[in-house]
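Two complexes follow with chain A in common, the first pairing it with chain B and the second with chain C.
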Partner chain A sequence: MDSLNRRMGALSAIPMGVVLLLAFIFPLGVVAGFSIMPPNVFDLGHLPDFSAYGQVIEQGYWTSLAWSLGLAAASTLLLFIICWPLAFGMAKVFNRFTLVMVLAVVITLFVSENIRLFGWVLTLMKGGLIDGYLKAWFGLELSGALYNAPVIVLGLVYVYLPFMLFPLAQGIAMVPDDARQAAMDLGASRWRVFIEIDLPLASPGILVGSLISFVLAAGALAESKLLGGQEVIVIADDIESAFSYGQNWPLGSALAMVLILIVGALAIFGLSRIDLDRIMGRAG
Partner chain B sequence: MSVQPALRLQGVIKRFGDFTALRGIDLDIAEGEFLTIVGPSGSGKTTLIRLLVGMDTPSEGEIWLRDRRIDPVPANQRPTCMVFQSLALFPHRTVGQNIEFPLKIRGVAPDERARRARELLELLRLPESYYAKRITQCSGGERQRIALARALAFDPEILFFDEPLSALDYRLRKTLEKELKDLHRRTGKTFVYITHSLEEAMVMSDRIAIMRDGRLEQVGDAEGIYVRPVSRFVAEFMGEVNMFPMRGLADGGLRSEGVAVEVGEGVAASGLTLPPEESGTVIVRPEFVRFLDAAEGNDFVVQGRLLEEYALGSRLQYAVEVAGGARLTVEKLRENRYRGEVGDTVRLGWDVEHTHLIPEA
Partner chain C sequence: MRLTRRQFTVGTASGAGLLALGPMGRLAHAARNDELNILCWEGYNTDQVLGPFRSDHPGARVRAESGTSDPDMINKLRAGEVRVWDLINVNQPWARDQLYPEGLIRPLDKERFMPYFDNMLPEFSNPPYPLSFAENGDLLGMPQRYGPFSFVVNTDRISRETAENEGWNLFLDPAMQGRYGVLTYQNWNIIHMCLTAGLDPFAPVAGADMEQFEKVAGQIFGNARLLAGDLVQMNLALINGEIDAYFTGGTYTASPARLDGATNIRAITPQSGPVDGKGGVVWVELTSVVNNPDPSSLAPEFLEFVQRPDICHAVAFSEGTYNPVAQMGDDAVMARFSARELDAIQYDSLDEEMSRSLDYQVVPSYNELNTAYSAAKRG
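Entry: the complex of A and B
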């Protein structure tokens, strides 16, 4: 029975497997292939050559990589701090009001990311919403709100909030109420309950939320372009330029491969540490 | 000389919006006592234990732990703790870490914690190898013991239990009931236990408090409550019972209402009386009702038809339909079984000393 189930499962997975292979694995393979081509070629019919990777190291692309990872790490941490109370409320306190919150957050996703970011630009720019009011009411001038690293983090936090919030709420929902109450009954303060009970028992949700936010933020481009101006160049920016202005596909591919490897390693490490079955609500 | 109670409840009332869950609870719990609060679901016992452990505060009234008023004190600052219905063990911690949790919170050094945890494993008759086991690897009965060990590690002044045995199968429950009673004796701590199972209450407790609709209906030892219930509710709650409505006569006697129960001469003299024209209920337990021979008399006699015989293991139970449509339950040990047939017309009787009278409230 068990082996039959397994066989049926494998058979029904074939169509989706083919789609995934064509839509995800194959393009990645093409990118990997281009990353080992000689400079400035536009097909894969050449002898392998690792000069693109050499360029990545020599031409100082590591700074933009560091910016990307640093901004992603900062925004993930901030997202966790901001989302924890919200997610806790959604999972344990708000009851029916949770639905309103979910809708409010999801509806923002209906509007394109770029348009929402432009909203922030209009709000923060010189002569924009905030600056205008400050000048009119208090005679103050807002300088330097846009085009710096913190405002990019703000953009990342704003755009990727749902991707932290929902997994986190799911994770917190898995913390049994009576475990929290028992810990309190045994003398633990709220803080100790958070450290000893909430954090470890919600860790699958925390990990999933952090992974998604981090991965998305590390590959993000619009935030640094729109809010950051040209103040900070992130790796996604470099990849784009290599493919477009630079017309150097192997260099772009090599940069992409470096990012994929770093982020992929993180994801695999993270996922290996959680029990996906538990988060999906299936008994182990 | 009155001894200070370990825990005292004074006029405790708890409201949730329009709904009053507790309607004024007064109760003294003595030092070292095993008190069980029994009630059907919805009687307010869970609300009561939440107040007792500090997970909620009363709307009115006071709770005193010896000479300290504790009802405004939150659960994590009270020297009491509870074994939860779900046990509420921490699934991400080992058995040892679960037991050590309260000590860790208190800042006890790791090796001292481990020593204490091992002592408690031994006290609860769990092998020392369980120290490093995961909670998920333990059976229901073992988890029960671990939850107890964790609560004892806290060293509470009073230990509360919220139906911790209800999820277990019958035989394991019976074993653990006895173990719990034994543990109570060995630790000398005050135990307050909440359950809907009267059987559980009777096996373990020194005293039982029967709860109904947010009030304590009767508090006393099992024997007293069983023999002298204060109300029909308690009488029925304490197991199978036969009840007959009665009315007081001018001469001090009783007259049966509805059902044709002959009341003997000796009843009035025994003090089992009602004021004239007042009504009440006579109750008698099934094991005290006898099958009478044709000529035999008794303090109370009733006639009926034997409807059915049920085997209850060591005992047999009979259902008898009495004139007037009422049903009577009789129980006999196997060796004293009725020697006739189902369908027989039978005479039943019982002594006044096994009869209890509840005046109408």
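Entry: the complex of A and C
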């Protein structure tokens, strides 16, 4: 019976396996294939050539990659700091009010990211919402709020907040109240409880939230384009340019592969350290 | 969880059912005389244009999708979507230099379409617009929207006269540091940076010329207040005083602001420049029939339909951006434009701006220039 069950399990997995193969592995394979094609070709029928990777290194694309990873790391850290109290409230304090918070955060996702970011442009630009009021009320001028690196981080934090908040709340919900109370009874300070109880026990949620936010932010483009005025050129910008204006699919593919490898390695490393079944509430 | 034989059978059956739907879905699209798919710049995909065509062909499924750049749209065809699209609308150099040689478009019936050139403005009718034709004389696409494309200023801050006389040197003036933006239409930026560097973008660029290009590109990016790929964002920055000019722009980008009343936003064509004394560039869209293995008979019909005076006006003034059309040589078309609309597209100076502009062509050293451009943009 056990072997039949295993066989049926494997057979049932075939449709999903085929979907994943076609929709996930195959496109990645095509990108990987193009990344080892000679420059400026539009099909895979050529001898492999690693010149696109050479271009990635020689032409200084690492600066864009460093910016993307740096901005993603900064925004992930900020997201963690901002979301922790909120997530803690949602998991332990707010009770029914949690639903209101969830709705408030989820509803923002109904509006396109570009429109929300353009809202920030209208708010922060010269003569915009904030500048206009500052001028009218205090005679002050807000200059230089847009088109710099910090405002890109603001955009990333704003857009990816739900992706950190919900896994974090899920993680914090896994921390047993008994453990916290026991620690406090034994004289632990709030800080000590945070460091020794909350953080380790909520770590699966922290890891998942950080991974999702980081991966999304590393590939983000709209924030640097709309808010940053391309003051900083991120790797996604270079990938888009290579595929479109550059008409150099191999270079675009090589840039994409470098990003995929870095982000993929981080994701595999992170996921290997947590038990996803536990955070999904399917323990046992 | 234990999986029973019954659960497995149910799962397999529903999977098979879904698969069976696939071929039926295809049957619905099989008849190609009642379907038309258009890949175009924004405007042709609006209700003002497609609505009347759909009324004329009530049984047909007419769909149009707008692209964000010429290369993006061409990439779709290269990636195998010649089977999907029936018409492609891109700027003038691509049809003759890339789409036709690569077998992605097919020639038009000259007997049917040549007469339409007679009603066009003199620039397009006498002789018929040369870039519409392949070197062997085949007619590859019909011109419609066009516009001079160089740069845009706020005339309250920089007068039209100063801007035209200074031309591209305006952006090298130290006084302009931090006072302009770059609209990152990359292929246009490259052409305009060549002109700023005193080079001919449509001739090979190498050696000392390439160094000059790198220097100018570095300077233009380095001194820019902001970079953006969105014309609305650029116009907004111009209107609210964040910048006084933007590098790369024309009637296409300035007209939406002008129609909204900001007539101090003006597209500028330099008085002089390095190529035959010209410093401006003009784009002309050509609409071509895609070499679809299963061609739609509606494709040439649509090309004729957009020559109708009411549709010419709709194409010129559809949502998004507003542009002159080659068919304005016909009085019946011209009569449809109001004075305000003509002012938005700077019709008063269109002739002289065209005479100071070069045709947008394929840039022979594009790959090398693009590499230098990308490096300069990263800073």
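Quick notes on this one:
Going forward, the second predicted complex is superposed on the first by the 278 of 284 C-alpha atoms of A that agree within 3 Å, B and C clash if a C-alpha of one lies under 4 Å from a C-alpha of the other, contacts with A are read in each partner's own complex, and residues count from 1 in each chain.
In this section, a contact is a pair of C-beta atoms (placed from the backbone, for glycine too) under 8 Å apart; a residue touches a chain by one contact, two chains touch by 3 or more.
All values derive from a computational prediction rather than experimental measurement.
Because the two structures share chain A, they can be overlaid on it, and in that overlay chain B and chain C fit beside each other without clashing. Seen from the C-alpha centre of chain A, the directions to the centres of chain B and chain C diverge by 150°, a value given as a multiple of 10 for the model superposed on chain A.
In the superposition on chain A, A:196 contacts chain B only, with no contact to chain C. In the superposition on chain A, A:127 makes contact with chain C only, while chain B stays out of contact range. Contact with neither chain B nor chain C is seen for A:274 once the two complexes are overlaid on the shared chain. Residue contacts after overlaying the shared chain place A:226 against chain C, while chain B stays out of touching range. When both complexes are overlaid on chain A, the residue A:11 reaches chain C alone and has no touch with chain B. Partner contacting the larger number of chain A residues, of chain B and chain C: C.
When the two structures are aligned on the shared chain, A:178 is found in touch with chain B, with no touch to chain C.
When the two complexes are overlaid on their common chain A, residue A:41 makes contact with neither chain B nor chain C.
Remark: least CA distance from chain B to chain C after fitting both complexes onto chain A is 23 Å. Those residues of chain B that touch chain A in the complex are listed here as 53-55, 74-77, 81-82, 84-86, 88-92, 101-102, 105-106, 150-151, 154.
For chain A in complex with chain B, the residues that touch the partner chain are 176, 178-179, 181-189, 192, 196-197, 200-201.
Those residues of chain A whose C-beta lies close enough to touch chain C in the complex are 5, 8-9, 11-12, 15, 39-40, 42, 55, 59-61, 63-64, 118, 121, 125-128, 146-147, 225-226, 229-231, 233, 238, 241, 243-248.
Chain C contributes residues 2-3, 5, 8, 11-12, 15, 68-69, 71-72, 75, 78, 181, 184, 186-187, 225-230, 233, 236-237, 240-242, 366-367, 370-371, 374-375, 377-379 to its touches with chain A in the complex.
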